[in-house]
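Labels run A, B, C, D and E following the written order; every chain starts at residue 1.
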Amino acid sequence: MATLTASRSRFFRYASPATFYPLAGRLWPWFAAVAAVLALAGLAIGLLIAPTDATQGDSYRIIFIHVPAAWMSMFIYLVMAFYAVLTFVFQTRLSAMMMRALAPTGAMFTFIALWTGALWGKPTWGAWWVWDARLTSELILLFLYLGFMALQSAIDDTRRADRAGALVALVGVVNVPIIYFSVKWWNTLHQGASVSLTRAPSMAREMLIGMLLMALACWMYSIAVALVRVRALIVERERDAAWLREAGEA
Amino acid sequence: MLTDLLPAPNLLSATGLACRRGERRLFKGVAFSAPAGSLVLVGGRNGSGKTSLLRILVGLSSAVAGSVAWCGRPVATDPLAWAAQLFYLGHASALKDDLDAAENLELACSLAAEPCSRDARLAALARLGVAHRAGLPARLLSQGQRRRVALARLALTHRPLWVLDEPFVGLDAIAMAELGQLIETHLMRSGIVVLTTHQAVDLVVSRRIVVDLDAASLEAPA
Amino acid sequence: MLTDLLPAPNLLSATGLACRRGERRLFKGVAFSAPAGSLVLVGGRNGSGKTSLLRILVGLSSAVAGSVAWCGRPVATDPLAWAAQLFYLGHASALKDDLDAAENLELACSLAAEPCSRDARLAALARLGVAHRAGLPARLLSQGQRRRVALARLALTHRPLWVLDEPFVGLDAIAMAELGQLIETHLMRSGIVVLTTHQAVDLVVSRRIVVDLDAASLEAPA
Amino acid sequence: MNALVAIMRFELLLAWRRKSALATTLGFFVIVASLFPLGLGADPQLLRLIGSGVVWVAALLATLLGLARLFAADHEDGTLEQLRLSCVPLPLAALAKIGAHWLVTAVPLCLAAPILGLQYGLSASAIGVLVASLVLGTPVLCLLGAMGAALTLGLRAGGVLVPVLVLPLEVPVLIMGAGSVEAHMNGLGAGPWLSLLAALLIVFVLATPWVVAFALRISSE
Amino acid sequence: MNALVAIMRFELLLAWRRKSALATTLGFFVIVASLFPLGLGADPQLLRLIGSGVVWVAALLATLLGLARLFAADHEDGTLEQLRLSCVPLPLAALAKIGAHWLVTAVPLCLAAPILGLQYGLSASAIGVLVASLVLGTPVLCLLGAMGAALTLGLRAGGVLVPVLVLPLEVPVLIMGAGSVEAHMNGLGAGPWLSLLAALLIVFVLATPWVVAFALRISSE
C-alpha cells in the first residue's frame, strides 16, 4: 500500500507541468538526435543497400516512408486515446496537453501515408486513388485528426478544451481497428499485413530492417516534437504561475 | 404552511470558496452561514465574480476550493437532491421565444417537477402584471415583460432556497415592488434568498448577510 | 469645442408619433421638442413602448403616424444623413463575442466613420473601468463589463444626439456615476440625450423633458 | 418521469410551432437526392446503380442539418441551466430531446424515401430494405449528431464544426445502410447488414445519452 | 469607404479567430465528396462518370453550410442595428460581408477541388474546367445563400429554412457547373457553359446586394 501511494505520488509529480517542463526540455534534444541517426541509417539501408524489387523496380522504395508513416498515424491516435483516459481518470492537466501536442504530428503522418500511397498507387495500380477499404479508412482517420484539432482550436477555455478533446479522442478510437483489419475483413486491392509477430516475415531481410529503422525514427521524431510542443503549451497556459517566472521563461 | 415547507431548520453555508475563470483567479476564502429566513446579499463591482459565485452555489460550475453545505451536509454528494431544494434565475431568463408566457411558465414548472394548475399560472402572471400578454409569443415581449414572466415562477415555487442573479434588472417600479414583496414573504416563511443587485432596493428583512466579493477579490481594483 | 461640435443650434422634435406592434396599438400623439442641451427622459411601464419609440426616433422602425424632425427638417428624407447625427445604444450591446474589448470598440468606431487612435480607445475603456480586460474576448466578460465596453463608445463619439435605451442596466455604482458624468458633459456641450431608465439616477441637468408613455398609452393599465 | 414527458411534449410543441423547420429537413433531403439526376444526366442504368447510396448520403446530410443546433437555443436562452438543475437526470433529458428530434425529422424522411427510391428505379423489395435500413440507421445518426452538437455548444463556430466532427464517425452507418440495399440487389440478402445496424442502434441508445450529458456539462460549466 | 474596408477587415479577422470554422467548410466539402464512393461502391468507371456532379453538389452544400447564419450573429448581438445606422449604404455593407465570406470559404474549396478530381479519376484538363466553373459559380452560390439568410433572419427556424429556400434557385448554377465539365469530357467544349456562368455572376453581383439589403431591413424592423 505504501509503495503504491509512493509510486502514485511520483507519477503525479512528473505529471505536474512544473516538474515536467524542465524534464521535457532536457529530453527532447536526445530524442531528436536519435531520430536523426535512425533515419539516416534507415534511409541508407533503404535507398542504397536493399535490392531492387523484381516486379516493381525502384518505385517500391516508397515503402520505407509509407509504411512507417501509416503505422505511426494509427499508433499516435491510440496514444492520444490513452492520454484521454488519463485525463478523465486522474484529471492530470499534462495528459491533456500531451494529447493536444500529439495531434498535429499524427495528422502529418496520416497525410504522408496518404500522399506516398497515392504516389505509389500511380505506377502499381495505375491510379492515384482507389476507394478501397484501407485507403478510405485512412482518409477518415485524417478527418478524425482534423476534427479533433478544429475542436481544440475552437475552444479557448483550456479546461473545457481538454475534456472535450479527450471525449473526441476516445470516441474516435474505434476507427483504428477498422483501418488495421480492413484488409482482412474486406477483399481489397491494398496489401495485407506482411510484418507480424507470429509469422516469419515475408520480405527481404534488408527491407525489413530498413523499414523498422525508419519506423523507430518516426517514433523518436514524434516524441521529440510532442515534447517541444507540450513545452510551448505549458508556457502558454501557466504564464501566471510563479514557477515559470522563476524559470525565466514567461 | 411554515412547517410543511421546512421539515428541518434550513441552513445554507459556504466555506472557503475560491473561483478561477480561465487563467484568472477571481476570489478566494468566501464563507458565510445563512440560517432560515435570511437574505444573503452578494455585492461587488462588475466582474468581481457574483455570477460565478451563484453558479457555484447552485452547482452549475465547480469551485477550485471550498464547499457548500445545506443543513450541514455538503451538497456535492447528491447534486440532484440539491437541485430540488433551490430555484435559480440567472442573467438569462430561460424563455422559449416560440412559446407564449403561459406555456413558458408551464414548461418551467414541469421541468422542476412542481406541477401547477392553469389558473395558478395565470394568477402568477397576473401578480407580475403580464397576464394581459399571456398569449403573446415570448419573442414579442418587451425586455421587462420577459423578465416578469421569468419571475412569475417565484409565485409558484415551493423551494426553500432562491438564488437570484440581478432579478431587478429591467423592471419598472411596480414590478420591483411586487418582486420585493415576493422576496419578503418568502423570507418570512423561513425561506432563504441569495441575491445580487446593483440597484438600491429596500427590503424589510429580519436578517441580512452581506457577502462582499471586492473584499475577497484577488486582484487590485481597476 | 462647443462651436465646432454644433454649427447650428440643434433641435430634436417629434410630432404626433403613433406606434403599433402587430395588431396592438401602443401609443399615439407623442410629441416633444428638445433644444440643444436638453435631456429627454422617456418614461413608462414595462411594455409601454419606450424601446419602440427610440427605434422610431433613430429610424430603425417606422411610425404609423407622426414625424421626427432635426433642426426643423424631417429626418425621413435622408436616413443616411440622419444616422450620421446620432449615436444609438439599444438593449443589445452590439459586441462581437470573438473580438476583444479594444477590437470591438475599433469596429464600432469605424462603422460609424469616427476613426480614433488606439490610445484614445484604451483611454475610453479605462474611463469605463474595463481597461484591464481590454484583451479578453467579449464572450468572457461579465454582464456589466460587456455593457461598459459598449458604453465606452460614448467617450469617443462626436455625434450631437445620443439615444440610449436603459444604459444604466447592469452597471455597478462606480460605472453608473461615470456614465452620469459622460451624459452631463455631453449636455453641457449642447448635445441632446434621449434616455429611458427605470432606475433613479440623479443627473445635474439644466433642461429636462419628460415623455410619459403611460399617458400616451392606448391601453388600460394592467 | 412527468418531467421527462414534459420535455418531450414541449419539444414536439416547439417543433410544431416552427412547422417550416420540419418541412425543411424533408425538403433538403428530397432536393439533395434530386440534385444528382440533374448534375449527372438521367441514364436509368446509372441511376439505379447510385440510387441507394445517394438516398443514404442525402439522409445523412439532412439529419445533420437540424442537429447542429439541437442544444444551441437551450444554451443561449438559459433553458439548459434549468435543465441541468431540473429533477430529470441529464442523460434522460438529452435522450428525450434526441427522441423528439428523431420523431419530427427522421420519420418523415423514412416515409419519403420510397418515393425517391422509385425515382431512381429501385425495385419494391429494394425499397423495403432501404426504408428498413433508414429506420434503424437514422436514430444512430441523430445520436451521433447530438454528441457533436453537445461538444461544440456555445462555440461561435459551433454549428459549422459539427459536421466535420461527426461525419467521420457516421461513415460506418452509411456503409452498412447503403451496403444492405446493395447486398439485397446483388441477391446476397440484406439480413446481416440490417442486424448489424440494429445491434449498433442498441449500443448507441444505451451509451450515447451519457456521453451527450457529459459533453453538455463540459460545455456549459 | 473607410467603413466598408473596416467591415471587410473585421469580417476576415473574425473568420481568422474562428479558424476552425474555415477548416470546417473545407472539411465538409472533402468529406461529403468522399461519402459518395462509400455509399456507392468503388467502381472507377462509375466514379469517373459521377465525379464532376458529386464535386459540384458537395461544393453547393458546403457553401450553404456557413451561409445559413451569415447575418444571424449580427442580428442577435445588435450589430445589425449599428450596421443599419452606420454611414455605409446597407447594400454595400452586405456585399462586403458576402465577399469576405466567399474569400474565406469558397476560395479554399476551389483550391481543394483538384485533389477530389484526382480521387475521382478526372483528367487534368477536366480538372481545369472544374476549377474554372467553381471559381465562377461559387460567388453566385454565396450571393443566393446570403439572400436566403437575410430573408429568414430572426425566424427561429431560420438556419434550417435557408437550404430549402435557396437550393431550388441554385439548381441552374449546378447544372451549368457540372454541365461544363461533362461537356468538356464529351469533347463538346466547356466554353459556352462557362461564359453563361460568368454572365450569371455579373448579373448577380449587381442585383443581389439590393435584394439582400431590402430583406435585412424587413427582417430587422
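Throughout what follows, a contact is a pair of C-beta atoms (placed from the backbone, for glycine too) under 8 Å apart; a residue touches a chain by one contact, two chains touch by 3 or more.
These numbers were taken from a predicted model, which means no experiment stands behind them.
Based on mean C-alpha positions, I'd like to know which chain lies farthest from subunit D.
The chain lying farthest from subunit D is C.
Looking only at C-beta pairs in contact, point me to the busier pair out of A-B and C-E.
Higher contact count goes to C-E.
Using C-alpha centroids, which chain lies at the maximum separation from subunit A?
For subunit A, the chain whose C-alpha mean is farthest off is C.
Which integer distance in Å separates the CA centroid of subunit C from that of subunit D?
46
Please compute the C-alpha centroid of subunit B, do the same for subunit D, then give the distance between them in whole Å.
38
Starting from the mean Cα coordinates of subunit D and subunit E, work out the distance between those two points in Å.
Once rounded, the distance between the two centres reads 24 Å.
For subunit B, what residues touch not just one other chain but two or more?
Where subunit B meets two or more other chains at a single residue, that happens at 22, 91, 97-98.
Identify all positions of subunit A at which a residue touches two or more other chains, and write them in rising order.
In subunit A, the residues touching two or more other chains are 143, 146-147, 150-151, 154, 156.
Give me the residues of subunit E that touch two or more other chains.
Answer for subunit E, listing residues that touch two or more other chains: 18, 20-21, 23-24, 27, 31, 38, 73, 156.
Mind pulling up the subunit A residues that touch subunit D in the complex?
For this pair, the touching residues of subunit A are 140, 143-144, 146-147, 150-151, 154-155, 159-160, 163-164, 167-168, 171-172, 175, 178.
Quick one: which bits of subunit B touch subunit C in the complex? Just the residue numbers, please.
Touch residues, subunit B against subunit C: 21-22, 44-47, 51, 91, 129-133, 140-145, 147-148, 166, 169-176, 198-200, 219, 222.
Applying the document's contact rule, which stretches of subunit C touch subunit E when the two form their complex?
58-62, 80, 83-84, 86, 88, 90-99, 103, 107-108, 110-113, 115
Touching residues of subunit E toward subunit D in the complex: what are they?
18, 20-21, 23-25, 27-28, 31-32, 35-36, 38-41, 46, 49-50, 52-54, 56-57, 60-61, 65-66, 69, 73, 155-157, 159-161, 163-164, 167-168, 171, 174-175, 178, 182
For subunit A, which residues are in contact with subunit E within the complex?
It comes out as residues 118, 127-132, 136, 139, 143, 146-147, 149-151, 153-154.
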